[in-house]
Amino acid sequence: MKSLIFRTASIYLLPLLLLFSIFILLRGHYLPGGGFVGGLMAGVAFLIHSFAFGLKETRNIIKINPGFLMPIGLTICVLAALAPWIVSLPLMTGLWFEEPFKFVGMVGSALFFDIGVYLVVVGSTLIIMFTIADTV
Amino acid sequence: MSNPYIILPIVFHMAAAVILMFCWFQPRVQKLLSILFSLIGLGISVWLFRLVWHEGFQVTQAGNWDAPFGISFIADTLGSTLGLLSSISLLAVSIFSTVSMREERIKFGYFPTLHFLIMGLQGAFLTADIFNLYVWFEVVIISSFVLLTLGGKKTQLEGALKYVSLNLLASTFFLIGIALVYGLTGSLNLADVAIKIGAVENRGLVNMTAGLFLVAFGIKSALFPMYFWLPASYHTPPAAISAIFAGLLTKVGVYAMVRMFTMVFIGDTFMSITLSGLAALTIISGGLGAIRQQHLGKIFGYLIICHIGFLFAGLGIFTELALVGTIFYLIHDIVVKTNLFIVAGLMNKLTGSPFIKEQGGLYAKYPLLSLLFAIPLFSLVGIPPLSGFWAKVYLIQASFETREFLLVGSIIFGSFLTLWVIAKVWSESFWKDKPEASSSGKPWSTFSTKEKWGILVPIMFLSIVSLYIGLAAENIISLASRIAAELMDPSAYINSILGMK
Amino acid sequence: MEILLVFIIGLLHAGGLYMLLRRSMFKMIIGLILLGNGANLLIFLIGRLVKGKPPVIDEGLKVFADAYADPLPQALVLTAIVIGFGLQSFAIILIKRVYNVLETDDLDELNSTDEEL
Amino acid sequence: MKEYIIMILSFLGALFILSSSIGILRKPDVYLRINITGKASTLGIGLLLLSSGLFFNEVSVGTRITATIIFVFLTISIGGHMLARAAYFTKTPTWEKTKLDELAGHYDYETHELRSEIPRKAPELNNETKN
Amino acid sequence: MSLSEFYYMIIIPMLGISVILVFIRFIKGPSLADRVIALDMLILISIGIIAVYSVVFNQSTFLDIAMLFSLIAFLSTAAYAYYIEQRQRK
Amino acid sequence: MMLLIVLSGFLFSALTRPIGSIFKQALPWVFTALPVLLFIYFCSQIGVVSSGDSLTWTYKWVPSLGLDLVFELNGLSLLFALLITGIGSLVFFYSTYYLKGHAYMDRFYGYLSMFMASMLGVVLSDNLLALFIFWELTSISSFFLIGFNNEDPKSRKSALTALSITGLGGLVLLGGIILLSSIGGTYSFSELLSQRNSILSSSSYCWILVFVFIGSFTKSAQFPFHFWLPGAMKAPTPVSTYLHSATMVKAGIFLLAKMTPLLGGTPAWNHTLMIVGGITMVYAAIHSLFRVDLKGILAYSTISALGILVFLIGVGTEKALLAVGIFILTHALYKAALFLITGIIDYQTGSRDVSQLKGLQHVMKPVAIAGFIAALSSAGFPLFLGFLSKEIMYEATFKYAEIGILLTAAIVLTKIFLLVAGFWAGISPFTGELPENLKATKKPSPILWVPPLLLGVGSVLFGVFPALIEQSLIQPVFANISGLDTSIYLALWHGFNTVLLLSILTLIIGTAIYFQWKPSEGKFARTLRFEKISPQTLLEGFAVGFHTFAGVWTRAVQNGYLRNYVLSILAFLTVIMGYRFYEGVSIYLDWNQLSEITPSEVIVVTLMVISIIFAIVSTSRTASIVALGVVGFANCLFFLFYSAPDLAMTQFSIDTLTVLLFMLVLFKLPKNKIFSSKRIRIRDAVLSVLFGLLIAILTLEVFEEPSVTDISKYYADNAYLLAKGRNVVNVILVDYRGMDTLVETTVLIIAAIGVFSLIKLNLNPSKEQ
Amino acid sequence: MTKSLFLSNLMLTLIWVLATGVLTEENLLFGFFLGFGVLWIVTTGKTDRKYFYIVPTLIGFIGTLLWEIIKANFMTVKESIFQDQLEPAIIKYPLKAKTDGEISLLANIVALTPGTVVIDISDDKKVMFIHVMHLKDKESFIKEIQTKFENKLLKIIR
């Protein structure tokens, strides 16, 4: 969009919102939030950026084809879900580090799972919205 | 018996789809990988089937939470059998796809979606949780949406519109049904629900909920008067996609219906009568549709409907004998319908037209191919001793025993219409000379060797399977009988999930 | 309050289906979305209404000290919402494509695949 | 004491919001409505957020509220600009009593170029905006 | 008068009336821009409502939702502007 | 051994290709060897069977279904097996020349041997289900045989008609068999026999009869299903010979004969068969007089003969059943001969028009001799086998209770007409002056004329020396059909009595008519006037009507209008749910369970209601989209009020994205129009509101049910302790019910793929958007 | 460039700490790495970033702004309720500010102040079009903005 103000603002908004989305992601296990909402927020952040600068520019920023974010995220999810198989437990069984990490809290398979969800949601939101925005 | 690895069929196809997505820009690699994955997937399904057959039900509780708190997965005989059949269909279709699918479609996610679809089916067959079942259903329908519209041809889009809207409607009803079941029982675990729903005093509510499920699954399995999406859409996508749809999609609806109505909503006479009536109407309506069509895909599409009626006849009668018939027919139908649509695709290609009026001369030109085609065609009709025959004996017998003469009449009538339709197809497409005016097809001789094998191998593979089903009917019957017995008495299923002795 | 919510659920269903019964593709989608909303609200209602007590365990506690809202329906609705989003966006795009290719919004003109032959 | 501050702040906040809601309903054209939304609501929401911040009186809540307020201020002003711009693009008419429209003629609706001066041969004067 | 009583008796009704007023604008339109403004305003008011409810229910986590709301409100405005701009270009 | 015998035909048929490639030109001879060998085998068993034994051979195929392959060689089956293989040998042999050089010779023999095997299966099976299987196989293989000249549309149509009728009959028969077994508890015929009484007294007996009759009548071309048979004459003549003189059409007769001891002997059985058989024989006999096409004459006379057989089974007396046994043999012999002769004439002269064919004895003496014999046997001249059978027939009817006279009259009349028809087919073409155009006719090859001559020899031989077959063949057949041990006695001379008088009368009147009555196109054309009311026309009319109905039905159901689809689904659901509601939902409302209503909630509810209505009625697309956004937004406020912050966040983001998508996508669409009339809108509204009401009530009542929350409680109790999370909703999402989430992310991925491909991939040939 | 990125990173760290509300060295470190990651994601390499010069001064400027904003709000209240005489206009405002940052900031400030909305800025960044609710006199209005905001702002920033 050819709006100077908007463009200038988006430059600052993008990192801020991404940060916020990670925040939402990490605290999901303790407070409202989680992979979904976090992922959606990240998606929205990139979307706003793309409104300001156009899709090409935003794609450059993301560096990785958002299409590949989806399988990557899903892989993380699946690995997190299947990790218990190593110790002959049913899938999705929670595996946790004994001690909590600072500011992240307890780290376990569920967290990785949520991260996977985050990536998938970012990827698919971007694919859907970008594809559409492309045709407008 | 507890076994954490029984969800391997699900996870494997998910992994397969993920890997295929990473190969997004390499159609050739995707083709090879898809065949490879389908083979391995078949191996896994065989493993699971054998495991269940020899050692009984296999259960795993996701997250290691005891049922009914977590999501339970169970491989029972029905589930593992259907899983095996899906793998068989997938193998055939993925081989067929490598030669029949246009490169563009492969570049736009055909194979990953295909494997996602199978993953969804496997999930639906293995899960023992109603809401999880819903989620698997959604995977199945969204994949089918994608496959159906892949390429975006005019007819595809038009068909998809009806397909999508009615299937979404069904999903909504399903979801509402789940909510009500949760409200009534406070549980989502199928086994737990089966136990708790009996305690609900306000039976009217249970019955109304059953009505919602009937319609939700009725739409998905193309029951009269809810099948409209099927004739509108099944003939529109490429043959490989139609084939997998024809083999599996409506069947998963049937599966869900069988599960719900043998475990949760049992002892409901009104529903049994309704199902019988709908089955009869479905058979007749599908048959009537089939005899009117000229488009090969639509003919077979209506026949799917007709035969869905057979499946539901057994459920409506609801005796063990009847369920044997239903299960046998289900097994037969998956294999044969898949094959049939592959064959239809090839016939279309060879003659250059999907309309039987414009087809012709196949027999004169390709006698051996025609004989190969005859196997699925006449298996469908159920010319004894081919696979379609056996189940009908059970169904007719069961309907006689419960004195549902309307069903006997419709089964006989439906069989007759099928026979007539297939004979007409044979007479038009194979016997008749090719009309001069019609567009010419692609002669077989111009196919490359790779293409020839890519087409023949799946057809032969499925034909052999269906011949096996027909000629070794004894084995299939014993399988179907075991499944039917398990369905009639779900206590084993319930106990293994809830971990009771 | 539940009565009002039930009324809205009924209205959402009625409205959604009414829209599905129209001839316009666009209205069809609106109908589906309304229906989806209705279903979600229904699940939510079935889980009972509890005011201002989110199912989040307070800092420092190990279990809930007092009443809390049923978390399971919430999780179900969440899943349903996300799935609904996937399906609805697909449906919306489908409509766009149909319109681009066939140049009509009138569903009555889109019946060639149903015709005999 | 704290309670009264909270009450006053939140009352003012609600009042501002209410007034801008009245404004949005009563103003005669879209630009005025945009104008009014941007003003009152920002402070209204800011005050409401501030009052709840006071209520909780925690650092973490305070920081988040500060962030939200800044964000709201920022987005509302940018949003107002974008809405107004979009409205002008779609040739949404201005109120008939608008005194002056110096923007007329500066936009090139084809290329979306906004010139600082009206070109000599203006291809199309934005006459509709006056009606 | 306790704080929550004050909120229930005065603040929430005020915000409620605001919602209604804005909603009337939303219904009336007449232009799309008007509706978007109204929607925007609705979201803003609901941020206020969230702030109020967070106090009433003593749930500070609600304030994060407020943050998300403002973000999304901005998104919708931006999208609308983007949409208008792209449409004009066609 | 027996399995091999039955299967050998299938085996040969399956191996057609390899045999063809190994033996090439000699393929027909290889195939011909098969029936010959089988015939020899069956002949060798005559002795065993006539001694009263029956050979059985069992293979358990599908035991759980009670389907065993039990092949039993008894009197009845032996007679048929001999006919099938014997006439089969001749036909196979005959075809080696008749179809010489035909492109699809291999196919032909493949079908033929498959057919032969199926027929053997039918007659040898003791298990009724197995019998049905072979029965259907005869239908299918005959479909291929009748449609052998598949380039000819008429041929295809006949094949289809034949298959339709016999196929439908077959399926009905299956119903009968299954019903029979569900009463008797077994498919084994011999075991069923022992339960005759319980079957006869069963309430389903009538239905069994109906089913079995329809099966037999369709197969044996009984009135009113007979018309497929003349149509089936489109097949090559050897096929007609085989299928329609000796084998397939006789399968129905075989079945009736086989069933007689089990189901027969009741008035329902006897009367139905007498009436249907009687009508068929007279009707078809009259028809045969009006045909000019040799094959047409033969077809109708065959139908008539089949009618006689059915009629006789219906008469059901000892004599009658004996007559059945003999007449099956007689008819097979002479009719096969006549068909073969017709084939020769057709092959040599290219014509089958009796009004044109004359004096052929000058060019084909042996054929003429065979023709004479066949015609005379058909007429029942003394010293021919036909005489024997006719005598017994007359005797049987004449002695039948009160209506004996009537029955006798009918059969005499039939016999007279059949005599004429037989003469026209077997004698007329050979007598008289050879017309100019036929002078050039070549002498047929011995391969062609030996088979009919052999058949003729048979007719004469058995006619002169009935003792040859009396004990060895006919006695066991009789025993099987009647279930009696009575000895039979075949004699050439029964002394002067009424029957002989009738016999002579038949011959005289028949011969007289033959000389007076000349079939011609004109007469044939005149019969066409009655076509309007013929069963064929009626049934075909019915079929057309049915087809039309199917069209009307299908168009009505699958009408192409999505709204109608939704409407019927919705109506169905509403009816189902409404009925169940009416049937028994106890309604109660406990106000204590409900929470109080606060003003702010009322505002949100109002907001929601208005936006829903606005989204529905608004004519502006964008307005309804944004209204939709408000609906979602209000929804989100509910979530917020009622303790679901996670939901509020998700719903809000997703709702906005959806609205966004809508906006970006749909601006190209034309303005909302109201398409439907007011009446329709009201109808839809009423239905929707009704459904909404049902859902609302259902929801409220389910809500009023005591809530069971032990699962939620478990979740809450263990969320922090075991799953290490405080936000229980999130713990459910990533742990307790993590599978849901995993799958749901997959849904998103697939949707993204779908959206991507839908937008980017366009294979429409015409124009890019 | 490196320096500015580093500063940005620090800024993000600060914001993180503010957001989480925990001020310890571990959280600072964690925030720093998080910020680093985010910056890595968002930098394309050619974006000119000077915002960290502006941000601290901006915070000082906010004080003066707040007053204007409060004024604006009370004005709105009065206006909405008593419906004053409106004299709306769109005027062309010549910019002294040059850089994107300056212009954007100014625009935002103008937007927050009484009765004004920025409609757009010309492509050559010379003029800004402002919608004014009560225009008494165009020249004095421009003057007011310049003296009240633009000059001060530029002074702070430059």
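Letters are used for the chains, namely A, B, C, D, E, F and G, taken in the order the chains are written, and counting of residues starts over at 1 for each.
Quick note on the criterion: a residue touches a chain if its C-beta (ideal position, glycine included) is under 8 Å from a C-beta of that chain, and two chains touch if they have at least 3 such contacts.
As the structure is a computational prediction, the values presented were derived from the model and not from experiment.
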By the touch criterion stated at the start, how many steps lie between subunit C and subunit G on the shortest route? 2
Using the touch definition from the top, how many steps at minimum link subunit B to subunit G? 2
Of the other chains, whose C-alpha centre is the longest way from the centre of subunit A? F
Find the geometric centre of each of subunit F and subunit G from their Cα atoms only, then give the gap between the two centres in Å, rounded to an integer. 85
List the centre-to-centre spacing of subunit B and subunit F in whole Å, with centres computed as mean CA coordinates. 26
Please compute the C-alpha centroid of subunit A, do the same for subunit C, then give the distance between them in whole Å. 24
Measuring from the mean C-alpha position of subunit C to the mean C-alpha position of subunit D, what distance in angstrom results? 32
Hunt down the residues of subunit D that sit against at least two other chains at once, touch-wise. 15, 20, 22, 34, 44, 58, 61, 64, 67, 71, 74, 76, 78, 81-82, 85, 112-114
Where in subunit F do residues touch two or more other chains at once? 551, 554, 558, 560, 562, 566, 598, 641, 645-646, 649-650, 653-654, 657, 660-661, 664-665, 667, 695, 699, 702-703, 707, 709, 711-712, 715, 726-727, 729, 733, 735, 737-741, 744, 746-756, 758-760, 762, 764
In subunit A, which residues are in touch with two or more of the other chains? 1-3, 5-6, 9, 16, 20, 30-33, 36-37, 41, 44, 67, 70-71, 74, 78, 81, 91-92, 94, 124, 128, 131-133, 135-136
With touch defined as at the start, can you tell me which subunit D residues reach subunit A in the complex? 71, 74, 78, 81-82, 85, 112-114
Once bound in the complex, which stretches of subunit C touch subunit B? 20, 25, 28, 32, 35-36, 38-39, 42-43, 46-47, 72-73, 76, 79-80, 83, 86-87, 90-91, 94-95, 97-98, 101-102, 107, 110-114, 116-117
Would you tell me which residues of subunit E are touching subunit F in their complex? 8, 12-13, 15-16, 19-20, 23, 26-27, 29, 32, 35-36, 39, 42-43, 46, 49-50, 53, 59, 61-62, 64-65, 68-69, 72, 75-76, 79-80, 83, 87
The residues of subunit E that touch subunit D in their complex are 3, 6-7, 10-11, 14-15, 17-19, 21-22, 24-25, 31-34, 36-38, 40-41, 44-45, 47-48, 51-52, 54-55, 60, 63-64, 66-67, 70-71, 73-74, 77-78, 80-81, 84-85, 88-89
Within their complex, subunit F touches subunit A through residues 645-646, 649-650, 653-654, 657, 660-661, 664-665, 667, 722-727, 729-731, 733-735, 738-739, 741-742, 745-746, 748-749, 751-753, 755-756, 759-760
